[in-house]
Amino acid sequence: MAKIVVDVMLKPEILDPQGNAVASALPRLGFSFAKSVRQGKRFEIEVEGEPTADQLAQVEKAAEVLLSNPVIENFVVRVEK
Amino acid sequence: MAKIVVDVMLKPEILDPQGNAVASALPRLGFSFAKSVRQGKRFEIEVEGEPTADQLAQVEKAAEVLLSNPVIENFVVRVEK
Amino acid sequence: MSLDTVSIAQSTPDNVQPFAELGLKPDEYARIKEILGRRPTSSELAMYSVMWSEHCSYKSSKVHLKQFGDKAPKSDALLVGIGENAGVVDVGQGYAVTFKIESHNHPSFIEPYQGAATGVGGIVRDILTMGARPIAVMNPLRFGPADAADTRRVLPGIVAGVGGYGNCLGLPNIGGEVVFDETYIGNPLVNALCVGVMKHGDIKLAKAAGAGNLVVLYGAKTGGDGIGGVSVLASETFGSGGSTKRPSVQVGDPFVEKVLIECSLEIFAEDLVVGIQDLGGAGLSCATSELASGGSGGMQVALDKVPLRDPSLSPEEILMSESQERMCAIVEPSKIGRFLEICKKWDVTVTVIGEVTDGDRLEITWNGEVIVNVPPRTVAHEGPVYNRPMAQPAYIDEVNSQKVNVPMPNSAAEIKAAVLKLAGAPNLADKSWVTAQYDKYVQGNTIQAQPDDSGMVRLDETTNLGVAISTDANANWSYLNPYQGAKLALAEAARNIATAGARPLAVTNCLNFGSPEDPGVMWQFAESVRGLADGCLEMGLPVTGGNVSFYNQTGSVAILPTPVIGVLGVIQDVRTRTPMSFTSAGLELYLLGQTQEDLAGSEWAFLHGQRVGQSPTADLAREMRLIELLLEGNAFFNAAHDLSQGGLSAGLTEMVLRHNVGAVISLSNPAVDLLSETPGRVIVAIESNKTSQLQALATKYSIEISKLGTTGGDSLTINESIISLSELREVHTSTFPRLFG
Amino acid sequence: MRVGVITFPGTLDDRDAARAVVAGGSEAVSLWHADADLKNVDAVILPGGFSYGDYLRCGAISRFAPVMSLVIEAAGKGMPVLGICNGFQVLCESHLLPGALTRNSDLHFLCRDQEIEIVNNTTAWTSSYKSGEKIVIPLKNGEGSFQCDDNTLAQLEGEGRVIARYVGQNPNGSRNLIAGITNARGNVVGLMPHPEHAINELTGPSAQGLGFFTSILNAMVK
């Protein structure tokens, strides 16, 4: 079944203490791959049936007013199979 | 530039108070689309150049030991453009 | 953008500069040119503009705040007075205590969680900077009406932000206020107080002394946070954006601050710094200019050495950045090795960015080119000073001439309804919804916290020496009479400490007002300062520091004048404190002080939409006698509770609910007795065989006393009105959960 | 009797835990997260706080501290280990204890005096209590909701490894009102509320938390 996913990330210019904490923990554990880590939120929204254009528009709106804080965060809405 | 993304979600059987809070706030704001909402974490990892197979394997490992807690969470690693 | 250097500034005197956009007035800009003998470079302009903003320079308030020094009472306790990051007082046994209150109002309106969080972070660094270990925080908060949409937006975030930051630092939150009024819509007040303790010898100052000593920046890396935040956020123009890529909000990292605290305390313990300054508003501009100005004046800084989170920042932006969790220390070269080692232990980023010179100029370079060359004093301490016009606003005579006209309860049913109405009113209802989000136990020294009259912490586990702090404001009274309002708030804060048995010692204050460019607001401000300065002189309490927050207004409507007064007191043995309520039946309840018909500015009048009449007049000599009575009575009082907002009705409600022990009260004039808010009153509970002792004290200090009733039972009974504790509790505790979930 | 108290960056209740250890009659020995030495202690406490800011997940980063490998090894040999609040979270992340501690069900940090019932008094840390004894100690956390799968829960209950339960309304959504659990051997205990903040009535709601710190003496005498 399809679900609508909203990814919410701090804007790039905003300090991300959590991402930083992860980024500095990785090398201590021997992982060297990361140049930087940002941590955000992922919302998985289950809808009845296949997501419709109208639902997606509603989700966009909800992402803007509820799921994200536009002062410090950006979001992306998409459908995931 | 490509980045590696790790999505971490609570296992379906684990209580998700944050997702529930969102799910019950939505109808109060007039949004009726959601059957259910789950809230998880999204990590965006920036690597030097294009992600290699070896890096991805390392990220899998890091996701398993650090980024997620296998007792309560599942994760997915992927490359995003 | 090309680099604007001092030599370019010299050769291009006529370049047009955006001083107005940066908040500088033409004459201020002209003065900068006069000081420098040329146009400022863009970096210098950035520094002057931010340091000469209202927030940093106190240009509108300075002429008034001077009174705190001019009228200062003689105090042997004062070790460091106004002018440093925070004042320091001697509390005995070799201990010194530092405390200060600050505002973070506008940032909390824009981003409630981060605004409140970084407000806590900032005041904690001020305390740390004095060389002290922070030991507790308090947060007086004010919001629009409890059911307003704006309040529902900002309150949960602000409370979570205060808790999120303070809890993570391990600082017990021991008190504060939550008050609602229409005028705070769009202007929530987030005031944050921190208290810290050290030994006398450990006091640190913001001074860059000793040529050749190193300027060391340590803590978080510098990002674009709050660039222009100080001048933009804290001025009338907030809301109009600057560069879109630069965040106007600062984000806090409490973990980094916690580590910074422990790291700094270890550095202090080994005596590795000559001077130290936190980076708060105006960031490096402020820290470098204040340190240099506090010393002999000479300092050289290589700005390109500053570790950046965002490599795209320009030198001007680096100078103005308000990234949190940073400190700047002056370190002798022989001690830098150990300094770096301690930072390494705590995994704290540390960089030597410059050195103290024997000149008298602050010189900042960028990759070798000089971009700032200024006399630091002109930036930090000799900013513009305004004697702004002020005039008593027209509303004063109008409201003062009216009389409060509200329904007064008569029958038993009406009395019960009035008590319940007050018990559930948002301003008086149980605040556990808020305070349960704050850790009050951490550090294991908390003796009193919410909902006690004051917060109290133990300083020494062996001697049981402790301090108590209370913050108070009564904006209704300040609105009716700002001079009296400030005095009354001072008296209330002092009384709140004395009820527990602590002797008031020193004062801090946070003056929250509307626009200083409005002569009426300026008058409210001036009257408040005058009242506080006079009050402190009368009570013998020095003002050790504080903060001014202007421009708290929406359009032409200013917030109520809200001077929040914090009083700190000392208690020799915390084990002897008097609790705010009783735990057993059969005690006698007495009212200290006489009740007049003081309904002006009362909660009862407020609940009926009235803010008219004359505020009470503070009688501070009497307040001081009452304080002495309380301190002496501490030896035999079972409980003592200050009466303030909501009068006797609220005071009794809080006492009976505290330990679920009821009381039977008889009042001759119940309506006025319950609802009036006459200042200088306290309820005490004593064993019945202590009556003559109380009588003797009352005579000695000439304070009127009257018997209210007896403790016991499972209801609050007032004459014929019987209010079961369960009903009272339900009303008192359900308001916040109902409003905020 | 030497009881180690570990400090991670961001630990807050280490001095409180040390004070409680002393009040309980033992010597408190401070251990630093980066230490590669347990300094000959007889037992270890992982105190409360926000180690590494509680970023990512509470306890997730601390679990990798050098000192933790020593703790894991010693616990395997039967050394008594008590994790309080954040320490409990670290023990779960380290898999010394099953389950996980997640966001409080009402999503708020909660600090209040909490009644709990000691339901297993046979562990190294609870033997001073009577079984069924009810005590009031502070609870203060944002992520104190104990969660695990049904099998684990059945196993914990079946083996009597729940050591304390919340009394009355569930404060955080923990399964079966679980406030604390132990490992199969009974030497490793995780507890969400804070006994170290209840060692006297002056600074805590009671002195009833002291039992955790006196129990450890019995454990050693045995």
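For clarity, chains are labelled A, B, C and D in written order, and residue numbers in each chain start from 1.
Here is the rule we go by: a contact is a pair of C-beta atoms (placed from the backbone, for glycine too) under 8 Å apart; a residue touches a chain by one contact, two chains touch by 3 or more.
Keep in mind it's a predicted model, so treat the numbers as computed, not measured.
Interface comparison, A-D versus C-D: the higher number of contacting C-beta pairs is recorded for C-D. Centroids of chain A and chain D (each the mean of its C-alpha atoms) stand 34 Å apart. Between chain B and chain C the centroid-to-centroid distance comes to 40 Å (mean Cα coordinates, whole Å).
Rounded to whole angstrom units, the spacing between the C-alpha centres of chain C and chain D is 36.
Inter-chain centre distance (chain B to chain D, centres taken as mean C-alpha positions): 29 Å. Chain contacts: chain A has residues 17, 21-22, 25, 29, 39 touching two or more partner chains. Touching two or more other chains at once are residues 52-53, 55-56, 61, 64 of chain D.
Of all residues in chain C, those touching 2 or more other chains are 253-256, 347, listed in ascending order. Taken as a graph of touching chains, this assembly has some other topology, since it is neither a line, a ring, a star nor fully connected. Only residues 10, 13-15, 17-18, 21, 66-67, 69, 71-72 of chain B touch chain D when the two sit together in their complex. Only residues 160, 163-164, 167-170, 253-256, 258-259, 262, 346-347, 432, 435-447, 458, 461, 574-575 of chain C touch chain D when the two sit together in their complex. Within the complex formed with chain B, the residues of chain A that make contact are 4, 7-9, 19, 22, 25-26, 29, 31-48, 55, 58-59, 61-62, 65-67.
If you check the complex, the residues on chain D that touch chain B are 56-57, 60-61, 64, 92-93, 98-100, 102-107, 145, 147-150, 173. Residues 110-111, 114, 220, 223-225, 245-247, 249-256, 309-310, 323-324, 347 of chain C are the ones touching chain A in the complex.
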